[in-house]
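The same subunit A turns up in both complexes below, where it pairs with subunit B and then with subunit C.
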Partner chain A sequence: MERFFQYLFDGLSLGSIYALLALGLVVVFRGTGHLNFAQGEMAMICTFVVWQFNDWGVPLVLSIILGMIVGFALGAGVEATIIRGVAKKSQAGVFVVSIALFLGLNSLAAMIWGSLPPEQLPGLFPDEPDDFQRIFGAVWRYEYIGVLAVALVLMGLLFLLFAKTKFGLAMRAVASNPESARLAGIPTGIVLASSWGIAGAMGALSGTLWGGIVGELNAGLMFTVFIYASAAATLGGFDSPGGAVIAGLTIGVGEQFLAGYFPGWIGQEMKLSAALLTIFVVLLVKPSGLFGSTKVERV
Partner chain B sequence: MSLLEVRALSAGYGPVEVLHGIDLDVDHGEMVVILGANGAGKTTTMRAVSGMIGRSGSVTFDGVDITRTNAEKLVGMGIAHVPQGRGTFPDLTVMDNLRVGAYARSGGIAADIDRWFAVFPRLAERRDQRAGSLSGGEQQMLAIARALMSHPKLLLCDEPSLGLAPLITQEVFEVLKKLNADEGLSVLLVEQNANLALKVAQRVYLLETGTVVASGSAAQIASDDAIRKAYLGA
Partner chain C sequence: MLRIDEGSTRHWLLRLLGFAVITFIVVWVPTQMSSSRIGQFTDAFILMIAAMSLNLVLGFTGQISIGHSAFFGIGGYTAAILIKDHGWSPGYTFYAAAVVAFVVGCVVALPALRIRGIYLALVTLAVAVLFPTLVRWKKLAWLTDGSKGMDSVRYEDVPVWPILGELKGREGRAVFMFWLGLIVVVATYLVCRGIVKSRFGRALVAIRDNETAAAVMGVNLTTTKVLVFGVSAALCALGGVLSTLKSGVITPDGQYVTLLGSIVFLLVMIVGGAGTLWGPIIGGLVYVWLDNTTRDIGTSDSGILGALFGWADQSPATLILGLVLVVIMFAAPYGLVGLAKRLGRKVVVIVPRPVGSSTPR
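This part shows the complex of A and B:
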């Protein structure tokens, strides 16, 4: 039972990081109908930016806020300058461009920071060996509690933004019917760029939380997280923010259970394949995901 | 001076020009209908007037040249456009649809929503339902109510009867007629159902392959034998 709670808790905490990145994928997908393959790499770059500010002596919390602002600017800038122009000409082009961004950002990070020895990103929360609480016999490290709390608070704020503000209403309107949104006076360009910006800022936070847990920064930081986040977005449904959160947490927990209870034949090596298998099976059996909507429209 | 003055308007999609320089006016408080066969350029005219597609020529609204104004600015100036077939936000509730309609302004929004619920009682019953789950007629009424939430001076309405049962179409036209008569709302209407349109509109433009081939009062057009044969099937 002790192991059960340990896996459950570790899974929720890691899953909240996947959920943050998955939420970024969903926000972009809802707004523009594109899957941003560069989401993880944008998050990785922003994590380096956070480290850089912190290394220059800026306090960590302020560095994270600056990193999220850079993430917003990066996301919004990419949408407004590269994606929008390509999307007008070809939808498939966006796919290729986001793959190119993935590779470009990865090389860029390696070029700027790669020659340094692996960077240590200080954790946001106390991380000494005895910084934990025992609950149901499981070790609840303060760092993991903190990650889960920060991720849940940000998601809560995001849902308030979607549901309660005029800007959230505009985002939902643009996602539902861009043409009528324009006719209602909504500046669709600003709304779309902001969706990408919000996704970028969430990526920055998810990268920083993940970097704090891993402890070491490199250009491959977000690769596995991105796979898990994609699995979460697929499982939850690409147009369902709530689904992304639930599926992200589920995948985090599932990953811990699989690797923990079946160390022999799944273990640490095969659990990434399990995530890919999840994507495959969901697309085969229920392409709209668990909470995604199949378009209802009557004319 | 007319509320809407369109001069030598040309527009199209990419290299294909669909409208070849049309002139068109809508006076204050007037209901004008554009008739024509499929592919005549009716919808293109609407889209060109509201700036959804590239255009040349000139469009003047309420004395202001709007030829180069963005579509999203026009609603604030007083033009509301109900596009063909999909004027609603299917994933949003009826309430949210109406709130989006008031996006470009502020104040008195709740009172306005109540007002349109009084005009369209069936929308009030479905206020928390997603628009995509409404019937075709209810969606068309919602699209019109959504457009009117912006307090327009001119309503562009693109084929409101499309896909609707005759009785529902009647009902939609009654509402448009009433708004035009009681509140002086100017309406530019595109319609395939010529018989119905001629009953509510004061003036008519007849469009054929992107040019205006005839125009006049509804009574004149309705009594022209050649036009009756071609468009009214009698």
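This part shows the complex of A and C:
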């Protein structure tokens, strides 16, 4: 039972990070219908920005807020300058451009911060060896509790933004029918850029939380997290923010259980593959994810 | 502007000219260039094969696949295992790899029957992530040698082909791999062309344009999709065999075996021109050229780039590659072949033969 709760806690905390990045993917997909391959790398760059501010003596919380602002500007800027121009001409082009961003940002981070000694990003929460709480015999570190709490609060705020504000309504309008939305007087350009911006800001936070757990920053920081996040977005349904959160947490918990209970066959090396295979099977039954809407087509 | 009737003498002369130019390049490269240059052309051939195979599935059938690196790896590993453990002659492994990959491709196609669009992208991404971990998995180490991979998988002595004469040493091997690569590229191209211009190819395009409508018109979605995935996987595996024979090494982290391989194949295909027969060929050449040029620029400290990027800790090669890709997509949203067709139309127009004319092709 102790093991069960241990895996559950670890899984929930890690899963909340996947869920944050997955939410970014879903926000972008709902807004513009694109899979942003560079989401993870944008998050990685912002994490370095947070570290840099912190290194210059800015308090950590303020650095994170600055990092999120940079993330917003990066996301919105990329959408307004590059993505929109290419998307008008070709959808496949957007894919290439997001891959190009992926490569470019990755290389940029290595160019700026590459040869420094491995940067230690201080954790946002107390992470001394004895900073933990025992619940049902399992160790729940404050750091992990903090990550989960921050992630859940941010998701809550985001849902309020979607459901209760005028801006959220505009976003939904643009997602469902851009042309009618424009005719109704919604500034679609600003809305689209903002949805990329929001995704960028959330990426910055998920990167910082993940960086705090990993400890050392490098250009490959977010690659695996990005795969988990896109798996979460797929499992939840690419147009369902709630689905992304539930799927992110489920994947986080699920991989801990798979790795923990089958150390010989799955273990740490195969847990990503095992999680992906499970999702694969789920998709065979529900091709649009658990909470995604099925596309109905008129011929 | 020049107007030429399709099938007229002038049209044939134009085609002959194109063929002559290509033949000239193909003969000139291995006889006149340095062996490292020849090797780069072989690299381009490898990418062309993979991108052509991906083009069948994505460009013509509209089924996104980020899993082709796995087929590529299956080809490479089949060759390595057969040569090392079973003493096969390298040439025959092409056939075996194609058969193995065909079967795996058909199995991977099964989810594509139900899952579409972005969801299919993730399922195939899962295949790409799964393959290297499976190869590295300790329970399969007896077959794949785990994470250290397999080495010295190559022609010990290059076979003697009467036309080429006797080829010796490293340079000889480079020349031989060039010709071998060229043969595989031509074969792959002919298979793709044959498929695309056939009834089966029409069915593929119908599925791409509107799946439901295609089904209503009598296209059997199941067999068509399964077959095209199988053929595509088999062709991609040929690229994998060629790559392994060229470098002599294959590891789970090797070039094009991981997820990054799939991404490169997609880049090559889209930059060249998705859904065109020549797109992947142009894309492969351009990509390898860009990759090598940016790497050279990245290592030189002089000139304008040295001034621009002198502060950088690491080479800006990938950043420049990314920027160039963005520029290409702005200038040629339908790929380089799309751009060439648009510009070419201003110079020469091939007037198609009237529909229903009975002139034999």
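Everything that follows uses one rule, which is that the second predicted complex is superposed on the first by the 284 of 299 C-alpha atoms of A that agree within 3 Å, B and C clash if a C-alpha of one lies under 4 Å from a C-alpha of the other, contacts with A are read in each partner's own complex, and residues count from 1 in each chain.
One rule holds in what follows: contacts are C-beta pairs under 8 Å (C-beta built on N, C-alpha and C of every residue); 3 or more make two chains touch, one makes a residue touch a chain.
This one's a predicted model, so the numbers in the text were calculated from it and none came from an experiment.
**Student:** So, does A:Ile186 touch the first partner subunit B, the second partner subunit C, both, or neither?
**Tutor:** The first partner, subunit B, only.
**Student:** Please name the chain, subunit B or subunit C, that touches the greater number of residues in subunit A.
**Tutor:** C
**Student:** Taking the superposition as given, does A:Gln120 touch the first partner, subunit B, the second, subunit C, both, or neither?
**Tutor:** Neither partner.
**Student:** Given the touch rule stated above, what does A:Phe238 touch, subunit B (first), subunit C (second), both, or neither?
**Tutor:** In the superposition, A:Phe238 contacts subunit C only.
**Student:** Report for A:Gln133: first if it touches subunit B alone, second if subunit C alone, otherwise both or neither.
**Tutor:** Touch status of A:Gln133: no partner.
**Student:** Looking at A:Lys166, would you say it contacts subunit B, subunit C, both, or neither? Reply first, second, both or neither.
**Tutor:** In the superposed model, A:Lys166 contacts subunit B only, not subunit C.
**Student:** Is A:Ala175 contacted by the first partner subunit B, the second partner subunit C, both or neither?
**Tutor:** In the superposed model, A:Ala175 contacts subunit B only, not subunit C.
**Student:** Per the definitions at the top, what is the overlap between the subunit A residues touching subunit B and those touching subunit C?
**Tutor:** Correct list for subunit A: 295, 297, 299.
**Student:** Of all residues in subunit A, which touch subunit B in the complex?
**Tutor:** 166, 169-170, 172-173, 175-177, 179-188, 293, 295-299
**Student:** How about subunit C: which of its residues touch subunit A in the complex?
**Tutor:** Counting only subunit C, the residues touching subunit A are 111, 114-119, 121-123, 125-126, 129-130, 133-134, 136-137, 139, 210, 212-213, 216, 259, 263, 266-267, 270-271, 274, 309, 312-319, 321-323, 325-326, 328-330, 333-334.
**Student:** Quick check on the complex: what are the subunit A residues that touch subunit C?
**Tutor:** Interface residues on subunit A, with respect to subunit C: 29, 35, 82, 85-86, 89-90, 92-93, 95-97, 99-108, 110-116, 227, 230-231, 234, 238, 265, 269-270, 272-273, 276-277, 279-280, 283-284, 287-289, 292, 295, 297, 299.
**Student:** Which stretch or stretches of subunit B touch subunit A in the complex?
**Tutor:** Touching subunit A from subunit B are residues 50, 52, 71-76, 80-81, 83, 85-92, 96, 99-101, 103-104, 130, 132-136, 139, 143, 146-147, 150, 162-163.
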